[in-house]
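Read from first to last, the chains carry the letters A, B and C; within each, the first residue is number 1.
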Amino acid sequence: MKALLASWEDLCASSRPLRFVDVNLRGIGQVMFQDNPLSGLLFFVAIGWGSYAAGVGQVAIGGLIAVLAATSTAYWLRVDEDALHAGLYGFNGYLVGLSLATFMAPSTTMWVYVVFGGAISVVVTLAISNVFKTWNVPALTAPFVLTAWLLLLATNAFSKLEGGALPPVGEIVPIDPAVANPLQLGDFVSGVFTSITQVFLKGHGPAALLLLAGLAVNSPACAAFAAVGAVAAVVTAHMLGAESDLVTAGLIGFNPVLTAIALGAVFNRPNARVFVYALVGAVLSAIVQGSMMTLMTPFGIPTLTAAFILVTWLFLLPAQKFE
Amino acid sequence: MKALLASWEDLCASSRPLRFVDVNLRGIGQVMFQDNPLSGLLFFVAIGWGSYAAGVGQVAIGGLIAVLAATSTAYWLRVDEDALHAGLYGFNGYLVGLSLATFMAPSTTMWVYVVFGGAISVVVTLAISNVFKTWNVPALTAPFVLTAWLLLLATNAFSKLEGGALPPVGEIVPIDPAVANPLQLGDFVSGVFTSITQVFLKGHGPAALLLLAGLAVNSPACAAFAAVGAVAAVVTAHMLGAESDLVTAGLIGFNPVLTAIALGAVFNRPNARVFVYALVGAVLSAIVQGSMMTLMTPFGIPTLTAAFILVTWLFLLPAQKFE
Amino acid sequence: MKALLASWEDLCASSRPLRFVDVNLRGIGQVMFQDNPLSGLLFFVAIGWGSYAAGVGQVAIGGLIAVLAATSTAYWLRVDEDALHAGLYGFNGYLVGLSLATFMAPSTTMWVYVVFGGAISVVVTLAISNVFKTWNVPALTAPFVLTAWLLLLATNAFSKLEGGALPPVGEIVPIDPAVANPLQLGDFVSGVFTSITQVFLKGHGPAALLLLAGLAVNSPACAAFAAVGAVAAVVTAHMLGAESDLVTAGLIGFNPVLTAIALGAVFNRPNARVFVYALVGAVLSAIVQGSMMTLMTPFGIPTLTAAFILVTWLFLLPAQKFE
């Protein structure tokens, strides 16, 4: 595998078009922190599969177009080349594309919007990275969430931008205990798998295997912590009495998956204390996903990965050493 | 013109009362980034004209009282003298005064509130400036927006503070396409002009000429970018299907006007790449104005210049060099 | 008194269990900025009294359990020892415990939640402190407010977490002038006293005397500014026409009390200019408490000490010298 990646890197070093492809694949890989074109390719295939299976092929295409727009914009802005080549200016754009194509009705204007959103995500990435560099903490997917929220909120003000599949606007109402049913084993397993695919806004259990493979080829520890985060989320949500349908669809678990990977294997070296810290972070992310869903109710926009970002920032900012 | 300003500066250097007048005029000029008492005077006359024409003379008076309160407070707080003399502690106060007098019912308490708001705006300016200095980015009109939002939100809790002309509180509802009519040429021109005057919370086309004159006497590039921002906003809003009445009244365009001036001519030196960057910023500001109107709907407060501040911060924080 | 504290400190230096008790007491004392175990003990007794008198003894117990969890977590995280011994990792946890036990229905899950909240508050304290250290400004009670808001918002999404006593969710409606009645002298005095006890989420006038005693044993200036803040708040709220019941229950005044202590006696050395600055801060805190109540209305969560934090940050960030 290492030899394969090394010869691919040689090819990219001598070919601008291949380098462009490489940067975009790494951009997709960075959605789950992997600076590896093969991870990116596996993620891309998984999302294509999930989109096709759900009859919304335009979602995968939206992601692709937006990551291309983001990478091109990053070149135009002459950003730092190391960060660019590591895919750090692509993953937020990719997610912006997936989210706009998920929550908006397809139209010519929507496609223009996807390109625009991908491009803007690079500026927002530079801005937020610059601020958080002060405390040696990464921007994570905050540029995606901020860009997507702004662009989705605007659909209410412009008639050519249709937010067809946005969550309904409503008054906050405490959950009806009747919807928190005991989870069957099958639902439990389904919840774990879809928690992983919902990181890419898709609820498609089998595709989770491709995502885990994409993680494992670059970092087995990341794959393990993804699974830990997913299990922790489903158990926490179930024990606290979350809506079963949300748990099973992975809509509580995708934030804890990202938090567990970030705290457990990316920004700390794994050990027993780090495991505890990452686990507490994952549990808190499951709870905060509930808070974020509440907070967004009057605005009719999705929570996206806000819970992951908030909790991971709070857990990285202390700059604790766990060695 | 230069000779005139030089002899005025000589007069101010030897007279405390004239210096006080000068600082207040520059404070008004800084609403559109002009450190020039003549710009400030032209802006002041334009707003007086616009207020009188709309039958709300108290708005112009509110602005005047608040900028005097702000400047006096800045002296009391012994702020940095260079920044004070450049009018940097006045423009937020002036805008706070205009906004309180625009959105509240006139009463004795309101006038006390205007003085209080002008004074507080200086503390908030110092605070926000100090934070953003970390990234070498200015506070822009954020102190105005934060101060005005806090003071206007409080009108719901105190019966002697009446927010008579605040936007209605409501549930977020997507725009009805019927209100997005084709714009006639006259509406188009009107939208461009009022986009410029709405920077000062007034929708009065002819006064835009005075504002453009005030810009041009100090910086023709600023005047040009103001026009670019206004045209970009009206075109964007119209093509995306915004409510025609909002476009024509300048209520989409005032944020893009400020963004275009800031990004195109104040914080970057104009060139082709900068023009593209400022234009994208202006287009995004028009969209984000739609997002902000949506976001404020449940709270019943105006968006003020929040879209300009957010987009301009996002576009300045990357600290891109365009030379 | 000094001799007593010195010998207590000697005892703590040689006994781990006594040190643990000392750290927790100082943690409670730091709710009102007092690094003094006797202040903490007096505050603890006052809150126990207030809780018992109101028939909600679980509130005092919730505070106790959460501060113990916070202190233990701080030890586990190996935080800076000086800050730990000064109680700086305890007060936010104590307030989280008081607030969860105040606004949630008692249940086994709630008690687990109280322990979890106390523990999390330490991570959030480290995070926010690290950010604001950049500008030499303390985190104040922001970790408490952020933690409590997130945990309380989540009660809407999890059926085993019941937010029984949370404020109702509603649409923002301007105050009905009829509820702003003239305050009788008794109401006025009551408002001043409960403004002090509401710092700890309790409206129990007599307990205010214990709190003032707890302040006075460590810092007479703090006790004086607490009284100044309370009087300023009640006068301001009454003159602006706030709801009389809120004023009398201390629900406008607790933020100004904290602001006055912080600005007048803790982070500035008291003098005439500082007195004016702290007084303006206290008046603004009373107004901003009205803004915060408005802002929280659609979300159904309490304002907690958000007004104090916001205003005190805005007044400390300028880093003005008043000597």
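Quick notes on this one:
Methods note: a contact is a pair of C-beta atoms (placed from the backbone, for glycine too) under 8 Å apart; a residue touches a chain by one contact, two chains touch by 3 or more.
Fair warning: this is a prediction, and the values are worked out from it, not measured in the lab.
At the interface between chain A and chain C, under half of the residue numbers involved are used by both copies, so each side presents largely different positions. These two copies of the sequence, chain A and chain B, are related by a rotation of 120 degrees on CA atoms, to the nearest 5.
For the pair chain A and chain C, the distance between mean C-alpha positions equals 37 Å.
Annotation for chain B: residues 134, 298 touch two or more other chains. For chain C in complex with chain A, the residues that touch the partner chain are 77-78, 109, 116, 119-120, 123-124, 126-128, 130-131, 134, 149-151, 153-163, 169, 298-300. Contact residues of chain B toward chain A in the complex are 134-135, 171-177, 179-180, 237, 239-243, 280, 283-284, 287-295, 298, 310, 313-320.
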